[in-house]
Every structure is written in structure tokens, then in C-alpha cells.
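For reference, the structure I am asking about is given below.
Each chain gets a letter, A, B, C and D, in the order it is written, and its residues are counted from 1.
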């Protein structure tokens, strides 16, 4: 009998590999302005994490010829569930292969999203163990908060561009058990965006329509702060450092998160966010926004910035 | 084969019934100072909810001879899981019975906690449907935010007193699948407190040691705000209204929530909170605090108020 | 010898009279959404105040054929200084006349700004005395905070449109002693904006260039909140009430205030703000912004909304 | 004719000299945890400032045998007013002498408070000029905000202990023109505290009763943040660094400021604060608190910490 994946089988988004042709500048940006912590290097990659991330790393920054995403990784609920999800992928006819353990985690099953994004699922992981002056004052936190730069608390979510939003939405819902929380559907059947959750958060993964003809592109990844004041402070830090803000701080209608978007030096879009709503209802029905509703802009009326619809990494040639 | 309950089977805390010998005063307090919405009356009970609660109600206020908790209710993940949890209860030798549908939800299985608190689990529920001037501006929210009084967003958690904290902790973990997130254990084996979660939140239910000889007592219930500024504003609202604050605003070490405690007119303790951390790790190991660590007070050093250890409802005779 | 007015002679902005052809709607808007308190009626006017305003009123709302400002009023430092300022006005050739005491304050000297705005200066005033459930819990506050609607704390400042910004700036600086804090000067000599302060705040009065040919027009008035979170909350209150936000919340470069702009029903622009910087330096030199600097938009890069440059009340015919 | 000093003659608190027997530890504490900027060294002193302070420095840290305050300095409104204040001091029989220019400012007139605290008043000052990576992104700010440590915005106020609070209050009010904003008076005539302002802030200088027999002692000095969230963040920074918090974060009834108190390594008490109210009324009447009112603790009921009444620097022998 085919395994029927359910909500919770994917425990959470684990990490993202970002590609950068400006490796040194990107690394300096993430460590000194964003305030992430370097926690390892292997080959052409450096591994980074926010102070509140429980795993060894959440961002793998890799020297490359273009910007964009190398891969994204999700942690399964257990090793048994990991195997069941692999069964589910196989039953759905998805090609994939096991990869041996790598930096920070155990064996991972690797496959592609319907739009060609590289995905890994894994269970075994290395939890971060603080030593020395990283030992936290709060024993339920993985690491001491270091007040330097923006210093976000944790990885939150990822947004990808796709030609076929519906295919991606159904894939992560039906094959991997994620919950569909919100959608943008124009004119009754034109899917422009989909938000999916593996947790009680309003989303962990989003797909939005790629208006170019490219495949497998990256829209943004998000680190989270505890308060909207932290996001406002981040806006000042970026402004003082001469980093252009693409849009925000403002509030998304979708997901209700408070957002701030900018680019790291190689052009990958980064978000610093806060808030959003939690979903406790096991019967949650997706909230669907139509063209007219989306034309009203963000929550407080800010027009959605045009680059949000057109710019992804790697950029169009 | 016995069903082995797992994390997620209990979807969330659904509602709490509070008893009050000062019914009219309590009701006025909850509606005009706390800013909850009345949404129904049956017999000696009035039903209340916060603007962000998705179910019909989260607080049942019942006229009674004493203060304290009537019952607490948890919603199961599905109707199938509800039946499995009933099997789990039976397998554990817990006496219980089905109760027909009542205000706002379907059939519930009723039983007692090891300390005698009344518990219900249910699945079918009536979701709140806003009409008229309650229709929200944000379609992913159940109701329009009404800026009157404290106006918390949603029910968050419940704290109960118990003679045997360990028994209660094991019961909700082993029989109902809740995650143990934090504990207070004195001198190696003396359990003074246990925090359990049904969701990614740091807790949904807590038990702390009852230093009286009573059973089945209530410590506090908590409604949540989106920001710490909202909690500070709540402190001003209470102060201006002449309502004594028991302790806070301050930050808990355990759960990392920002807290504010006070009493409704009949003496039941109420908390307005914000924040806390989310747990994504499916392998989370409980964080255990010892006597010395707890002696340091709350997160920023505030001594834990003595009434916190001695006062519950109904009060000792 | 001519009196030489100095900083501090004008103690503060006292009140503003707004004209409205939608009197009932405007009044309902200010009392139930903005959350001001009605404190008196005379003829075609109703008098309103924020809970933290120390005088009897700060907003006079008057039924009229058009929108716009009736007059603005400043309180002098003392009765002796009031007379000296009248001497200063006469010495500058400004026509004016004394008006007997009116609602809430004593005799006022009335004159026009160089652009034709009606101005009053007065000293004697009626301080608000709280009674009943308005008596504050904090005895250093004039009134109890009432948690209904936006509920700003106090009147902050006023922005007027003018054909000749320089003339208005010099008038309030040289004749009335206000401090020039910031300016916008394009191409070396084209004054587009001027900010003036009577207090340690970064401004109490601003003039910006009227790009129409009208005179004496009103741009906006501002009530202040204690925190940026309060402004974000105000944005939600407006959105939920279906009130369109013109721009914000965002941060001004000039004055560093956190802003939110919208229109009351008759079209007068209202701001809810927070923050800004205090000026302690008695030698403060005006900060002058040029065309290029202003082209960068607001503090975090938000483009200044075009209506900000073109819309004032009464609107152009 | 004797000069009659008036409100505004003292423009603001300029700087404070703190003495420390733990010079290196104190300096490291102020630069890396508090996040002040070092801007000069002369002899046994190092000069520090917050990023938003407009003068060259606001804190002079001096190696000494004991803790406590070396001196405090106020800037006069103008050079003419400085001479008038000296006349006022002489007319009041206060001994003093001129001191030549020193680090960061011009000639100062030096004298003692009635309790023996050293005071300087000066007018000429060196304004901070940012160069290199300290040049601010906001041209109306003196320096770029550096997101390292607590990073307060500016010096705010100073609290001193005195045997005769009334004498100190009258001295700064009558001889130097400061405004009396709030007072604590027990049993009709026992002055326990006095708050004075040179600006629109609710206070710039406070005196509280020294319950020891010492003279000239220091209670605390305060650096200010823009938001209460910043103060909560400061509490986490201190906790994570193992610095004990004496009391707070909480809200003062007096002055309405949000406070957080701790000690720098040599034992001088430091406050990080935010908020408070502004006084615009030129006729402000002091708010007087009696014994019963003070017995209610701070704004939200927190008991005033006992060390607040007994500990000052240098400590009692």
C-alpha cells in the first residue's frame, strides 16, 4: 500500500545553499551586516547559522559562476518517516538518489521540484553545541545572542519562482504532506502563488510565478526576528551601511509577516521578517486571493514593488 | 495492537471553562478590560473568544459557588485520531465517557487528569464566521481586530497545579502524545514543574507543584498578543483601571515568553503574554532546570512572586 | 528698542481648527477611529483632545463649506512674552488684532502668516481637569488613557503649504523666535520646505512648497504615539476600518519621525507619528537637504508619495 | 540688578565624569557591552560618547581610588547667559572659579552643589564631526549608528544622592533656572526626591535622599534608547553577558520612563532608559508624590528595590 504522507512528516526547513559569484563580499555581508555566525568550511562552501538555529547550520554559501540556489533541504520527522517519504516520492514517479552524509547532517535523499529546484530530505542531523563565549545565558536557547549587526534569531522560510506554481504546490502537498495555507489564483484558474507549511507557522515554503522563461530560480530566503522593532532596526542598519532596501519594512497581507527585503552582494534577495500568524486548525482551508484583492498591494496599501514580480536569481540573461 | 499516540495527535488547546462566583463582574472584566468578544450564552455560561481565535469560543465563563476551572478541552487532529486517543486512554486504564455535542463543538470524550482536572477531547468544531462589522480586513484572519481594551489575539496556554507533577507530565506525554518541552526538577527527582506542547510553540499546557493539599486546581490561563509592546500597553490599561498586577511585565526563562499576571474579579489568575520560542526539532529533548537555576528568578532576575507558588483557584480554605 | 524674540518665547503649538464640510462623519472619525475625546461644543465647532494633552483642547472641528484649516494657535511662554511678541509683530509690520477670550483660552492676538494662514498667539489657558473615570492612574498625566481606537497621546505638529516657503520660515524664526531645524533647498536657492521648532522636538511647524497657485492651504496635522508599535497598530485599525492609508508606516529622513498618513472624511490629511530626535544644542544649525538627497525618498528608500507634493486642503478647484 | 535666571538658561546636561578603581574593566564594559564610542584620552581619563550625542563626549571615565562622580557639567544657552548664571551664583553666595578650556569644551565655571557634588557650567563646546565609517546615513544625526552592544542613542539624565534634597532642588531651580517637574514629599515636609528639567523632557537631573551620612554621592546616570524594545534587548544583552540587573525593565511612575538598572564593574549604577513624557506647559506645576503613593512601588506595581534607597557611589565605608 502506498504511504500517504501527512502534515508533520516534513518537520521543518533545514537549510539553503546559496550560490554567489561574489563569495568574499557575500560572506562579509552575511557575517558583519546580517550578523550570522560562521561555523565551518568545506571546499568552496562556508556554513552559517543564526544564533537561535538549533542545527549546525542553516545557510551554505557556495562560490559559483552565477547567483541562485544550490539546493534546499528539509528535515523529516523521524528516520522511519524519511524512508516513507522516499517511498512516496518513488510512488509519484520522482527520480532521486541517496547522498551520503555531508557537513552537519546524515544521509539525504536528493530530487528535483517540478520546476527543477534541487531538494534534499534528511533526518539525522548535528545539533549545534555552544562552547566558550557562545554558551547562552538562557539554557533553552542553542547559543548566546551576539549583539552585532542585524543578528536575526532563526531561519524561517524560502520563496522560489516556478513556471507552474500549481504543480509545485501539489507536489509538496501531496507527495511530501505539507499544508497549503494561502494561494493567489487569478481569473479562477491561473495560479500565481502558493504558500505551504510544514509547521504551525503560516508558511515555510512559497512558490510564485516566474514571469521569465527560466526554471529553478530563487526568489528569497528569510531570517526571522522576535519583534517588528527588530526589523525596523535592521532597516536602519542597512541604510547606515549603504545597502539599498528593495521594499519594506511593511506588512504582508499573505502570511501577515512584517517584511524587509534587500540583496546580498551577488544579488540574491534576502528578507528579514517578524511575526505572522500560527495555524492550529488541523482542517485549515487555504485562503485564496484573487486578482482584485492582490491589486490592493500589501497589508497597509503599499504597492508591491515591480522587481518582486520580475527579479530572481540567477537573473535572466 | 495498542495505539501509540504521537506528537500532533492533539492539535491544540481548544477552550477552558472558568468558574466564577462573581459572574457579572467577571464577564464585564473579560469583555471591557480584557477585550474578549461574547459569542453565546447557554444556561449559567457565557462563551467568549479573542478576535484571532478560529473556533466559536475559547473561554466558557460559568456562574459557580467557587472559582477555579470547570474543564479544559483539546481538539484532536482528526476524527480518526480522536478515536485512537480514546483507545489510548482506555489502554492506560483511564475512566471516561463520551459527551454529546455541546456549544460550539461536537462529541467529546471526558476524563480526568491524574490530579483530577476535568479534560475533554473533541474533533468536530464550529468555526467562527464573522458577519457585519466583524468581517476582517485581512481575509486570513477570522475576525476584525476591535481596538477596545487589551484585545489579545488568541488563546495560548493553560497552567494547572498538581500534587504529582510527574504523573501529569507522563499522562499527557505518553497517553496523549504531547511533547515535553521543559521541566523543573529539584534535587534530582523532585518534579516541581512540567511544560508540554501539542504544537510548535514552547508550551500549550503546564503543570506546577501544588504546595497545598488540594487537587484539581487552576493556576492561570493565557491570552497572547503579537508584541511585547502590546503587553506593556496591557499593563497600562490594567493600572489605569485600578486592577492590581501580580507580577510583570517581565520575561520567563522557561518558555521565553513575556508575561503579565493579574486576577479577574473572582480571583482566577489570568496572563497576557507574547513571544516565546518555536520548537522545530522533532527530537527535542526537555530542558531541565534545577533548584539553583530557578533560584535566580525570572529571565532578567526578577524574583518569582511568592503567590505564584501558593495561590491557585479555588483558593485553599 | 525693538524686542528681539528668542527661542522659547513660543512655548508650543496649542491647537488647530480644522474645517469640514462632512461635519458628522469627521467627528465620528476623530472620536471613534482616531480615539480623541470630545470636550465641548460652541456654535458650529466641537472641541477635541488627545488623552495626554494638558490643555482643554487641541483640535477644533468646525462645520464649513470647504475643508482646510481655520486657524492655528501657539501658546506664548508668559503673558509678558505674549505682549513682547505682539510688539515684535508690529515692528515687523504685521497687521493683527486682539480677540477676546474664547473656548479654552484667554485673549489671543490674531494675524496672518506670509501665505495667509490664520494664526493666534495666546498665553492664558484652561488646563484640562479630569473627573470621574477620566482621572488618570498616573498623577503626572492629565487624563486616563482610554484604550479605544488609535488613542494617540498628544498633538505634535502641523504642516502647511505655502507659495513662499522662505518668507514663512523667516517670519516664524525672526518675528516669533522659532528655531529652524531642517530645510529642503533645491539648486541652491529654491526653498521647498522648512521645519521649525518651538521646543526641543525636531519640529512643531513645517512649511512645504504649494505647487498649485493657492494660498493658505493645509497639508497635515499630527498626533503622536509613544512607540512605533503604536503606529503599526494604528495602520491595522485604519485598514480594518476600510480607511485608505496614503503612505506609511515608514520613517522620515527629515525629523526622523515614524509616520502614517491618511485622510479624515472631509479630506484633511492626518498623520499619526512617533519618535523623532530631540535638539538640545542651543547653537543648532539647520540641516539642509538638496534635490539629489531628496530624490532618494524617505529614510528607508520609500518613494515620497506624489499626492504629498500636490494635495492640500482645501483642494484646488 | 540681580539676574533672574529662567528656564532654558541651562540648555542641557553636557557630560558626567565617573570615577573608577577598575579602570580597564569599566572601559571595556562601556565600550563593548554598553556600546559607547571612545573619542579621546587625556591623562587618567578616557572620553566616551553615544552615537547620537552631538558633543565630543558625554562620559569622562577617570581612574581613581574610589567609585563615584568626579563632576557633572551643564551647557548654558549662550556665552552671555553663561556669564549671567555666574552672576546668579555669586549673588547667591556660591563659591566658584573659572577653569580654562579642557577636553571638548571651553572655559567652565566650577562650583559645588549644596550637597558637595562638583558642577561645571560652560558654553563653548566642540561638536562631534564624524569621519570615515562613522559618517551617518542620516545627515541630521551626528554619527552612524553602530549595531554593537546595547548602543544607546544619547545621554539623558543624572541622579544624585543628597542629605538635603530641598536645598539641592531650590539651588538648581532658583540659582540656575531649572524647572521642578516632580517631587517626593513625605508627611508634608520631608523631601525625599526632586526631579528637575532644563529641557522639555520630564527631567535632566534628580536628587534623592541619601540615607547614609555621606555627601556628594552619585546614584546613577542614564543613557537613552529610542524604544522600550531596545531596553528589553539591553536586558537580554546584559543577562547573556552575565551582568546582574538590579531592577527592571519596568516603568517609573515618576517621569514615566521605562528603566533598566545595573552596575558597571567598579560599582557605579547605570541606567538604560526610554520614553517619558515631554512638558510643553510653561506653567508646569510640580507633581508631588506622598508616602502612601510611593508605597505602591513603580508604575505597574513592582516594589522599588531596596538597594535603590541605600546604595550610591562611593559606597559607605
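Here is the rule we use: a residue touches a chain if its C-beta (ideal position, glycine included) is under 8 Å from a C-beta of that chain, and two chains touch if they have at least 3 such contacts.
As the structure is a prediction and not an experimental result, all values here were calculated from the model.
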### Set of chains adjacent to subunit B and to subunit D
A, C
### Message
Rotating subunit C so that its CA atoms sit on those of subunit D: what angle is that, to a multiple of 5 degrees?
### Response
180
### Message
Nearest whole angstrom, what separates the Cα centre of subunit C from the Cα centre of subunit D?
### Response
32
### Query
Roughly how many whole angstrom separate the Cα centroids of subunit A and subunit D?
46
### Query
Just how far, in Å, is the C-alpha centre of subunit C from the one of subunit A?
44
### Set of subunit A residues in contact with two or more other chains
138, 227-229, 236, 239, 299
### Message
For a test of understanding, state which residues of subunit B touch subunit A in their complex under the given definition.
### Response
7-8, 11-12, 52, 54, 75-78, 127, 138-141, 182, 199-202, 226-229, 253-256, 275, 277-278, 280-282, 287, 289, 293, 299
### Summary
Residue positions on subunit A within touch of subunit D in the complex are 35, 136-138, 144-145, 147-151, 227, 229-230, 233, 236-237, 239-242
#### Entry: subunit A-touching residues of subunit C, taken from the complex the two chains share
228-229, 232, 235-236, 238-239, 244-245, 248-251, 258, 299-302
